[in-house]
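The structures considered in this document are given below.
Look for subunit A in each of the two complexes below; its partner is subunit B in the first and subunit C in the second.
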Partner chain A sequence: MKKIITMPKLSANMESGLLVALCKQAGDEIKKGDVLFEVETEKVVSEIESDENGRLVTLYYKEGDNVKVDEIIAEIEIV
Partner chain B sequence: MKYIESISDDVYFNLALEEYIFNNLKDDTYFMLWKNYNSIVLGKHQNVFEEINIKAIEQNNIKVARRNTGGGTVFHDRGNLNYSVITDYDKSTFIDYNQFIIPVINALNSIGVKAEKRRTSDIAIDGKKISGSAQTIKGNRALHHGTLLFDADLTMLHDLLKTTEGKIESKSVKSVRSIVTNIKDHLRDEINIDEFQRLLINTMFSGNAGKYEINEEQIKTIQELAENKYSKWEWNFGVSPDFSYEKESEILCDKINVKLFVKKGVITNCNVHGNNIPCNDLQEHITDSRYSYINILNKLKDISSLKNMKNLNYEELADCFF
Partner chain C sequence: MGRKLPEWLKVNYNKEAVDEVSHMMADLKLNTVCKEANCPNLGECYKKKTATFMILGSVCTRNCRFCNVSNGHATKVDPEEPMNLAQAVKKLNLTHVVITSVTRDDLPDGGAAHFAKTIEAVRNINPETTIEVLIPDLRGVHENLDIVINANPNVINHNVETVKYLYADVRPQADYERSLKVLQYIKEKAPHITSKTGIMVGLGETDEQVYEVMDDCLKVNCDIFTIGQYLRPSEQHIELKEYVTPEKFEEYKKVALEKGFKYVASGPLVRSSYKAGEATSIFK
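Let's look at the complex of A and B:
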C-alpha cells in the first residue's frame, strides 16, 4: 500500500513552506519515527517524522524548494 | 516550569545545553537564561557565507555558531540576554509564538519597559526591535528561544554582518535586517544586565523560581556535544547550502572578475579573469580550498608567480574573493 506525504500546514497563515532538508532519499528504508524531511516557515524548523514503516518510493522536490501546503512531497510504500 | 541558568558564556556550550534539555528533559517545561561572549549565531538552514562578514569575523576571532532553530543571523555579546522555553507541543495545533512572547512582554512591561509585539516573532520598543525569536519542533516537544538586547554593542553587530558587493545565489533562508535598540536606553533607573536578569526571573516566576541544577555528569555530556557538533567547522560552515559567488573588483589598475562555486563550504570551482594577474595559477591554488578569508589569503601568498609582482597587495587581492 502506498501513502503520500504532503506539505503540512504548520501555522494559521502558512501558504507554503521551505523544504530545507531531505533526510531520506528515494529507495531508503523508513522506520516509524524517522525524520523524513525538515520544513522551515516563520522561523520555525519542523522535523516531519514518518508514521509508518516502509520504503521511500518517490521524492517530488529538491532541497531548498518552496512547496505549497498540501502538495505531495513524497510517496511511501508501507510494509 | 523549572528554571535553568547557564554556567557558561560559551556559545557552543550554551547551544549544546539547550539541545540536551530539548532531547532529554521531557518531564516539565524548562525556562533557560544564557548569555554568550561575542559570537554570531545563524539559523539552522542559512548560508553562513551569505550572512556574515567573513573577513571581519576571522580577523577579530569571533565564534560562529549554527543553532537548531529557523530564522536569521544575530550577534550575541554579554549585553544580550537569551531566553529559551522548552515545552510540550501538540501536533494538532498550529505554531504559536504568542504563548512564549506575551509572558516576556508582560514581564518587560511590569519592570517599566514599553515593549510590544512586532510582526510574528519580534518584540519592539517604539517600532525598534529589542528581541527576535525562533523555534524548532521535534515530535511532541517544542523549543522556542529569543534574544533580549539589553546593552549590546550595536556597532559590532552592524560590522560583523554581511556587506559585499559580490553576488551570491543560493537556496538558503535569508535574514531580514531590522532597526534595533537596547532595552537599557529605555529604562528610568540605571541597572546592569545581571539586575535585569534577576528582575525578569522574579517577574516571570512571581518570585518563586524552582531552579534546576545541571549535574557534573550532564555537564560532561553537554561538553561532548559542544565539542563534537557545535564547535565543528563542518556544522557551522560546512552545512551551508551550495552557492555561487561572483564579484568584479579592481586590482593593479585592472578589472578582475572572480566566479566561485562553493559546496559544503569548499570552493569546488574557481574562475578568475583579469589581464595583469596569473589567472590559471590562482584558479589552481584556490580550487578545493575552504572558503575562509585567512585561508585564501595564505594560499595567495604561496603562489610563486605572484611574488614577483610589484605593488601587489595580498589583502586587496583576497578581498576580490569575498
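Let's look at the complex of A and C:
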C-alpha cells in the first residue's frame, strides 16, 4: 500500500515551508520514527518523522524548494 | 533560497503524535499556549503527551509585540473549562501540569477566580499531579493575587519577559516594576510556593541588562529563572536582533546559579514551561 507524505502545517499561520534537507532518497528503507526531511519555517527547523515502516518510492521536491502546506513531498510503499 | 536559521534551532515533529493531542484538546474545547503561541517545542511536548494549557479563552486583551496569541475583544469565560482541563490532565496522565492564560484586563479579578477553580478541579481528580500556574500580572492587585495564592498551586510563575529597558517596545501595556512586585508579593504571602520567572533574549539587550534582571528577581526571592531565545512569530512582530549562541546561554545559566537562583533553565529553545516538571521535582 502506498502513502503520500505532505508538507505538514507546523503552525496556524504557516502557508509554506523551506525544504532544507532531504534525509531519505528514493529507494531507501524507512523505519517508523526516521527523519524523512527537515523543514524551515519562521521560528525553527523541524525534523519530520515517518509514521510508517516502508520504502521511499518517489520524491517530488529537492532541497531548497519552498513547498506549500499539503503539497505532496514524497510517496512511501508501506510494509 | 537557503537556510537562514542557526543549526541549533532544530526540533522534532511527529504528525501522528501532534494530531492525537490536538484532537483531544479540540474535543474538550481546550486551548494550549503551545498552539496559540506557535511554540517551537510543540512537536516534542505533544509527542511526550504533555502540553501547557491556556485558560480564559484564546484572545488576549493586551498586545505584546513578541507574542503570537491573538489580541482583541476577549471571549466569554467557559464555566466547564476547569473540569475539562482536569479531565485532560487525567487522560494525559500528567505528573506536572502548567496552566497559563491570556491576560483578561476586562474581568474585574483578571481571571484569578477562574485560575483558582481550575487548580481546584485539577487537584480534585489528580491529587498526585503538581500544579504550576503561569499568571499574567493581574494588574498587580493583591486581592486578585490572593485568590490564586489561596488556591495553593505548587509553583506560581510570572514572566518579566525582557530587560527593563525594552519594556516600552516589547511589553507596552505592562510594567517592569509591577511584575517584580507581583513576584515579591507571591513569595511574601506564600513562602512555601515556588516562585518562577523568565526572560527572552535576542531582542537587543546587553549582558549587563540581563544580569540586572537576575539581580532584581533575586531581590524579590524568586526561586526559578528561565532564559530562552526570542523567536519572531511573523514580520508583524518585534524584530529579532540576534540569535544567542548555546554557549552564551550556558554562561547565563552559570551566572544565574552563582547569583543564587535555586534552579535555572537556559537554552535557545527553553520556554518557561518547557520541562517544567523537572524543575518542580527538586522542590518537592
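The rule we apply is simple: the second predicted complex is superposed on the first by the 79 of 79 C-alpha atoms of A that agree within 3 Å, B and C clash if a C-alpha of one lies under 4 Å from a C-alpha of the other, contacts with A are read in each partner's own complex, and residues count from 1 in each chain.
The working rule: a contact is a pair of C-beta atoms (placed from the backbone, for glycine too) under 8 Å apart; a residue touches a chain by one contact, two chains touch by 3 or more.
Predicted, not measured: the structure shown is a model, and the values here were computed from it.
Participant: Between subunit B (first) and subunit C (second), which does A:L10 come into contact with in this model arrangement: first, second, both, or neither?
Facilitator: Both: A:L10 reaches subunit B and subunit C.
Participant: Scan A:D51 for contacts with subunit B and subunit C and give back first, second, both or neither.
Facilitator: In the superposed model, A:D51 contacts subunit C only, not subunit B.
Participant: Return the residues of subunit A at which the contacts from subunit B and from subunit C coincide.
Facilitator: After superposing on chain A, subunit A residues 10-12, 18, 20, 33, 35, 38, 40, 42-47, 49, 64 contact both subunit B and subunit C.
Participant: State the interface residues of subunit A toward subunit B in the complex, per the touch definition above.
Facilitator: 9-12, 14, 18, 20-21, 33, 35, 38, 40-47, 49, 63-65
Participant: Give the list of subunit C residues in touch with subunit A in this complex.
Facilitator: Against subunit A, subunit C makes touches at 1-5, 7, 9-16, 35-36, 38, 40, 43, 68, 231-234, 269.
Participant: Where on subunit B does subunit A make contact in their complex?
Facilitator: Contacts found on subunit B: 43-45, 68-72, 94-95, 97, 120-121, 133-139, 170-173, 241.
Participant: Residue numbers of subunit A touching subunit C in their complex, please.
Facilitator: Going through subunit A, the ones touching subunit C are 8, 10-13, 18, 20, 33, 35, 38-40, 42-49, 51, 64, 66.
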